[in-house]
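See the structures that follow.
One chain, subunit A, links the two complexes that follow: it is found with subunit B in the first and with subunit C in the second.
== the complex of A and B ==
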């Protein structure tokens, strides 16, 4: 077990190196001269050259990359904002909490509704209820979140004045962003729950439970559901990723001061360090979350070690058979 | 041996000629049969066909020039003259939405083709050759996947700037891991079959093997991903242009039309309602069709 956990942690290193390399590659092709950006248009050519030397922009690309990663690891230096001159990390940290709240709320809403619908459609399989559940959940999955958000704003905020259209000054402001991101994930959970429920219901231990004379309710909720939840829980990691991606757009639609809005604002303001630093921070957090999800589920259910290692689950390291 | 002709045999031959030829049962016809039985999938196909027709005949359908600004009729609510109303520049929103179909579908098609030629090709290579090539390609794809798709696309557009080629490139790079993974899976499923083994045994070359034997057999699954990804790229594209990244005005792309109406959400909600509806209908139709295709080509996946 310890060996698996260590391996999983070691697996982070190449991923993080790769992600930082992608972001660094994007950084090197950004238009404009960072030195000029910092000094402003009044600076002379010599001053700019001096600043370029100081920033290490005249070094070979590989040296620049090593310095970039070194700066992140030792000083948490993701670059400074062109807009305010503040380090990206200090600008983003307070926003992380807001984004985390929305992401967590959304994932929870999506998971709860999705699992409930999944159970319903598994128990009523091949009936009209099953098809209706599938079509509705698919609708929310296939329609972009921001369009759902706009329609919700039109109905709930503009027409009915039930919820604020933008901002999170009151707790009601959180409802619509969470709901929009959550609803888009419902279909995924419904589908996984449905198929894993159907699979589990065909297992031997369910037949044994039936033979013992357990009530059907007991079988569904105690025997089947618990086991059927494993693949659902495993998909949480990738769903958090989707929720963060969706959050980027929705934070802008709802005017929520989170990381997503920060990055989008940085894009429109051509604040490239803000964009790439923000993206890198999100990617690192996401990678860590995925690792924690993997490890915690292996701790909960050691059977998973084999499925994860042999590549049974999506998004899991597949070539770790040697473990 | 000469063929014998007797009156009775001629009669039988005549009868046989009148009969319909027996329908050859190939995997494709079987899939089509399954697809036809699925009402939601047919509905999706129907809507997609209408959208394609609208895109082709946009200049004939649209009553106004989508770029023409008419300051005499600004911000008009939907009426018989302007079905979807007019925007703040007096442009007819109905015409813009109709032309938007053209832009949205064509750009989505470009994005999907680009994604298939990059990520899909990588996936096919990884799946076919296996071993080290597979490990290297898939590990790189793991890295790409650590950044959420839309964030990746936005970062690339942020760096490259707005425009259609930049957008296509961004979607291509962002979708590479998903595309590679699904195409690899499609090839892997074919790779294990007996006929591939026997072709290998009779010494079929590698290129010929991939092109002649594997891709035709994996194409059903690939079509599913293709249609599914068309919807994904429409979603991504409209979301990005809505928040002002990707395409720039005055392209009548649906996301951009929404972006134009953003400021008037409370005073003139119709400006956003119709383009939003179009995005919803299109994405839903593509997904219904894609789901139907999945059930048709691959009943086991259901």
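== the complex of A and C ==
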């Protein structure tokens, strides 16, 4: 198990090198001068040059890159913000917490509603209920998140005054961003749950359970559901990624001070350390989340335990014969 | 040994879809005496499994329908029971062993829990008692009880089938339906499993319906044998009747297709043609298209009735109805 976790953490290295290299490369081709941006139009050419030297912008790109990576590896230093001069990490961490709350809430809303709807439509397949569920979930998938966001603001904040339109000064402020991101994910979960539930309900072991005299309710919840949840859990990891992506736009719409908004602001301000740091931290978190999700499969599917503990997925045939 | 535990009368089962109606089981009747083993033989698609699922009340919902007939277990017609009453019968009075042990067990539950589940459903006992009972069942089918907490993927195919058998026998059912219990297993394991099943069947005096297409298994295990073709029971009798004195052309053809050790043949005999399509049965005798003894009357006359050749040896063929031939 430990070996497996270590291996997964080692996978982080090439991923992070890739992400940082791409963003660093972008920095060299984007027009505009960060030094000029910081100092403003009134600064003299000498001042700008001095600033460029200070920021290391006159060094060859490769040297800049090595210095940057070296800073992270040796000191955990993601550089300082061009805008405020504060270390990126101190700026991002509190925002990260805000974003994490929203993302987690959104994924939970999406997964719970989606799985429930999926179960309902699988049990009522080919009836009008099934069709209604399909249409509703398709609707939320097709409409862009920010449109849903604007409609929600219109209704809940402007007309009904139930929730604040923007900001997260109170806990109510979290509700709408969570709902928007969550609802857009419902369709995916519904469809995965429905199809895997239908597949599982046709399996031989369900017939075995019926032959035991087990009731349909217990068959659905004790025998089928856990098996049907395996593909749903697998989609959870990538869904968190989508939720973070969706968060970037929605944090701007709702004026939430999260990582998404921070990165969007950093891009418009040519605050490269901010962009780089934000992207890298999100990449690290996503990789870790996917690892945790993969490990948690063991709890659902005992067949994977042998795979993960022995540490060699390739050695393990699908149907392992122990006896 | 004379009392009938199961009595199937004029059973007709159809599979109905929007496109077609498949006549899977056509008017079959048979009895099973207490403690006996009935072999149900026939090609794939002959309706053997459908008959078994019909008895279990597990026909696919919406598609499978019992059109007529009765299935009496201990004198009670199972077809008149409500779903709730049938759940009390399944697993307790009738159990079924399915063909493929690889997929018959739930992969995310321990094998012990899967055995204990059926005990908890039908016996008044605590979880702990059910666990002990499940461990006893494991021991009974030759698996060390310590493996209670193992998952199905940790067992081989033969051992999985043992577990399936343990589940089926956990509540000491009166009737056990085994649907090709050894088809998916290695030949060496087949013999082991069959030996064990026969031993347990004798110990508990369980009645059994053994579905198979292996006539060797029937000869070894069964008391009576029923040969099915295209949803009909074409011949029924004791194993001695069927083996020493097969009467229906289909049964005869089946025997010819068994490889023999003492005869030197280049090719095995094959029953010509394909299994008759049950959604499009020929008029008259359904085997007539493939029959080498087919007469003029076989397609003209309505389906042949059952003729008793004496001692309960039943056959469904016009050959044995001379009065029809004369007409």
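We take it that the second predicted complex is superposed on the first by the 254 of 323 C-alpha atoms of A that agree within 3 Å, B and C clash if a C-alpha of one lies under 4 Å from a C-alpha of the other, contacts with A are read in each partner's own complex, and residues count from 1 in each chain.
Going forward, a contact is a pair of C-beta atoms (placed from the backbone, for glycine too) under 8 Å apart; a residue touches a chain by one contact, two chains touch by 3 or more.
On a predicted model such as this, the values are computed, not experimentally measured, just so you know.
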Request  = Once the structures are superposed on A, label A:217 by its partner contacts, choosing first (subunit B), second (subunit C), both or neither.
outcome  = neither
Inquiry  = Between subunit B and subunit C, which one contacts more residues of subunit A in the superposed model?
reply    = B
Inquiry  = Which partner chains sit in contact with A:207 here, subunit B, subunit C, both or neither? Use first/second/both/neither.
reply    = second
Query = So, A:301: does it touch subunit B (first), subunit C (second), both, or neither?
reply = second
Inquiry  = Output check: A:272 vs subunit B and subunit C. Expected answer is one of first, second, both, neither. What do you get?
reply    = first
Message = By the touch definition at the top of the document, which applies to A:19: first (subunit B), second (subunit C), both, or neither?
response = first
Task = Based on the superposed arrangement, let me know which partner A:226 touches: subunit B (first), subunit C (second), both, or neither?
result = second
Request  = Mind working out whether A:161 is in touch with subunit B, subunit C, both or neither, as first, second, both or neither?
outcome  = neither
Request  = Examine A:139 and indicate which partner it touches, taking first as subunit B and second as subunit C; both and neither are also allowed.
outcome  = first
Remark   = Overlap of the subunit B and subunit C interfaces on subunit A comprises residues 319
Note = The residues of subunit C that touch subunit A in their complex are 56, 58, 86-92, 95-96, 98, 100, 102-109, 114, 117-118, 121-122, 150-151, 153-157, 159, 164, 167-168
Ask   = Can you name the residues of subunit A that touch subunit B in the complex?
value = 14-15, 18-19, 21-23, 26, 29-31, 131, 135, 138-139, 141-147, 150-151, 153-154, 158, 165, 241-242, 244-246, 248-249, 252-253, 263-264, 266-268, 272, 275-276, 279, 282-283, 286-287, 290, 315, 317-319
Note = In the complex, subunit A touches subunit C at residues 203-205, 207-215, 223, 226-227, 300-303, 306, 319-323
Ask   = So in the complex, which bits of subunit B are touching subunit A?
value = 40, 135, 138-140, 142-152, 154-161, 231, 235, 238-240, 242-245, 258, 265-266, 269, 272-273, 276, 279-280, 283-284, 286-288, 291
